[in-house]
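The next part holds the structures, each set out as structure tokens.
Next come two complexes, and both contain subunit A; in the first it sits with subunit B, in the second with subunit C.
Up next, the complex of A and B:
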């Protein structure tokens, strides 16, 4: 009897450990190699292949101003993307959930198709769009911080990432709004709210878990994005951490894998920390409920 | 406030949810909309509230057409079946939200919240969230929120359906008393005929979006104008069976088949004398068992209902339900004699389903 209970508790854990072990070993490997000259399996070795060879030199990139510029770019990209996705999705999701208008169904299916489109197939077309935006005065390439919304600006990259992320965000927000009771909205209207105030003060607070989840999701997406900044920023090695990393891989020969691992870990750290603190909200995307809103 | 509803119609795509309803509500009156689920009660209410736009027809408040007024300009309060409280706000914030929107001073909000909370008996709950309240308490908060801005019209959409039976009965009395004390014109939507009969001054019976009758509870109960009303109103439901009307030696009889027949009294003289088949109705409480004379019958089923036993038996071809005192200890298979109080009988045309007695 006791054995059975022990067994039923132990077996799932055992399975989980077996499945996650390779991933954990991978992380440990990265961690060790960032502090070693070379590694032999999980074992750090020096140039001659003897155990030892601990070093901090792989982290020397932290002293270059370049990495901090790239980090701040990445941060601006991730934040801009997050704010854009959340604000637009909250409004569009509400409209699609609550307001009847011609073309609503068609719009919903269209966004879904757009989401299914591989980004790569759109790269050339988007390039022309960005070139075209570039010629618009001020908006094109004359804005502070993000540079503008044209080609070779951070704003342009944000704009494109935003467009590609929106279908998911809109559907997600629509789903959350669908779960909010109509009666609550009607009560607010009868209490004297305008439609906009109802949205802001009554509806939006009900879907806070969804907003949190979408924010985190978008931020992580923006933080790790590669293909778009790589395609639309000319100085790819100075764009974001991901492109910087890519540059490191291709331009130094022979590749210093330990340094690549260090930069990779540097990029990963904020996401990991973020994830640990917010996984509760991320899970609500998949649970899709509003229960926790109160 | 006086409310007039003129030819009010609502279509959702192809379906007609509300079909050309006409009714007037006097100032301070308590009116119930009664009908089975899906008959268009909520739709009608939401049009009055300004949430839905009527497809056709007019809504008049004190003679003024309000069709195009948004809800906030209609001076109404509404209580929902689901309570519809704001879960992210405290009870105090819920109660005072209508005042907050009207930009009333904080002092007034506090005073009014206290007044309404005391009236509803929820004064000690002001700091809680709706999620921490029982269903009954939540409904009191919802009622308080509807009352706090002193609306001129109160709308209730099945406010008691989610409560347990005991609470429902006590809340029924409370709402009725509150409405009379405050004198606010009220519309109360329900599918529960007992609620409607006990609370309302007048009842609008709705079926498939069509207004069947609009009258006071007693009239509805004693003089049903259609077969639907006869079936729907009253508990236990009215007995309805096919009879054949025959005149014989100056008297009119209703034949139940198998030789059983009932004499129809002068007071129930049919509007137009129909010879042939009609629907006859008689309430279970108007059939008396245990008399010396009457129609003999054998008991098929005894259903104890507490205060009475509901008996099912066969008279002629018709299955008849009636009530007896449990003291009589009637059992299945016993034979008794039944006296039908024909002064209380109803007759309906089989085709049109309209009453042959009342207009």
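Up next, the complex of A and C:
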């Protein structure tokens, strides 16, 4: 009997720890490695292989102008994506949740189908779309900061990421609008408030948790996104932190991984901070079904 | 009809609210789907450019069916999807869901939070961790912690066991999807039912077999179909991990390389889009099937406000 209690008490923990170990080890390694000359496994060592060798020199990449360029690009990408997804999804989600119009059902089922559709299969064709957008004057490649919306511009990368994220965003926002009471909206409309003003001043403030969840999720997605900037920016290693890091990774031997690990931690930190403080919000999205990375 | 009966709204408001989404969906979903099928019927490549290509009908598809590498990529893709799905997206996620709902709530939640980390971590950083785990002695973690103490021969394990690593790398991300769905389904089983089964003398394993698994039938089916599609089409992690080296070029990555990889001299857009068109077709068919399973009618309530 005592054995049975022991069994049911501790075995689950033990099993969990064992299967979770590879993940934990990965993050522990990145922390240790970042602050040491090099590592043998998880053990920090100096150049001769003796234990020790703690150093801050891996962070010297912070003084390179490159890293700040890719960081600002990544930040623009993540913020642009977030603002775009949230605004467009809130508009479409509102219409789908609250207005009766011909084709509403069709549009709703389309959103669902697109949500289930594996968007990554369209990457090749989107390359051609971006090439065409490039030809459009000004809009193609003549805008400040984001460069335009065509091929090899930051704006193009933002636009593609935004579009591919829309089905999830619209579906999520529709769900949040569905749960808002009808009374206030009806009152506003009867008082002669326009649809747009009702949306902006009465409805949007009521779904703040939904907006927070979608914003955080989109920002994290944009901040870590790799395949879209990698595919559509010509000089990929100067595009975003992810592509810059990928380039470093492919040309660095394990001997010098500590330096690469520091760049990785640099990219990882904001994500971890968001994650630790906003898990509750994020779970609502993951529970709604995220695809992509298998 | 033109008179407003309840004030503020205009007749075509819905159109303006939907317009931005509509434009984006047309440009980045509809148009690419059409382009995929269209270009797959041409011989377009960097050699022909955008001007001198010719319509060649189904030739690209014939080329796929007779290509010496086709079976290789297909078999690898099937193997990769099957192993990742069975051992991680279903197997591991079920194990974690069962274990974390069995122990105390707080600790269970903590473990689930850790399992979500790989999904939320930027993909290049995540793959970097795995590359270091696999790296050669004396650096790599696997060599230092397991291989060496056991006195076995050390190696760089990525080229030694590439298939294992693409399954592991994707599996540790994929497991969290099922984990979330399964654990919330298990937590929704009435507590008295769970207690009753143990009081009645069934063991934990029996409870899993006869109470929990039947309860999970629906989420299991959903995860299986949804994740099969995801695994079949996603290639980002493999691209970063091996870029298709050591025989790890799955179908989706093959298409991507043929059409967009800057390393090969001539980009074969026609052939590449034909490879992708097969995945797009599967994607559309399966997406439509899911929509039917989603119990769609229940989700679509009619709005209560009418402004016309």
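Methods note: the second predicted complex is superposed on the first by the 241 of 294 C-alpha atoms of A that agree within 3 Å, B and C clash if a C-alpha of one lies under 4 Å from a C-alpha of the other, contacts with A are read in each partner's own complex, and residues count from 1 in each chain.
FYI, a contact is a pair of C-beta atoms (placed from the backbone, for glycine too) under 8 Å apart; a residue touches a chain by one contact, two chains touch by 3 or more.
Given the structure is predicted, the values throughout are model-derived calculations rather than measurements.
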item: Which superposed partner A:181 touches (first subunit B, second subunit C, both, neither); value: first
item: First, second, both or neither for A:202, with subunit B first and subunit C second; value: first
item: Touched partner set for A:34, first subunit B, second subunit C, both or neither; value: neither
item: Touching partner for A:218 - first (subunit B), second (subunit C), both, neither; value: neither
item: Subunit B versus subunit C as contact partner of A:82, first or second or both or neither; value: neither
item: Touching partner for A:189 - first (subunit B), second (subunit C), both, neither; value: both
item: First (subunit B), second (subunit C), both or neither touched by A:231; value: second
item: Touching partner for A:58 - first (subunit B), second (subunit C), both, neither; value: neither
item: Touch count on subunit A, higher of subunit B and subunit C; value: C
item: Touching both subunit C and subunit B, counted on subunit A across the two superposed complexes; value: 186, 188-194, 197, 293-294
item: Residues of subunit B touching subunit A in the complex; value: 46, 49-51, 70-72, 74, 76-78, 80-82, 84-88, 97-98, 101-102, 129-131, 142, 145, 149
item: Residue numbers on subunit A that touch subunit B, as the complex places them; value: 181, 183-184, 186-194, 197, 202, 205-206, 293-294
item: Subunit C - residues contacting subunit A, complex; value: 6-10, 13-18, 20-22, 24-25, 27-29, 31-33, 35-36, 39, 50, 84, 89, 92, 95-96, 99-100, 102-103, 107, 111, 113-133, 135-136, 138-141, 143-145, 168, 170, 172-174, 176-177, 180-181, 184, 204, 226-227, 229-237, 239-240, 243, 252, 255-256, 259-260, 269, 272-273, 276, 279-280, 283-284, 286-288, 290-291, 294, 296, 299-307
item: In the complex with subunit C, residue positions of subunit A that touch it; value: 8, 12-13, 15-16, 19-20, 22-27, 29-30, 33, 38-43, 49, 87-89, 91-92, 94-101, 104-105, 107-110, 112-114, 116-129, 131, 159-160, 162-164, 166, 170, 178, 182, 185-186, 188-199, 220, 223-224, 226-227, 231, 241-243, 245-246, 249-250, 254-255, 257, 260-261, 264-265, 267-268, 271, 275, 279, 282-283, 286-287, 289-294
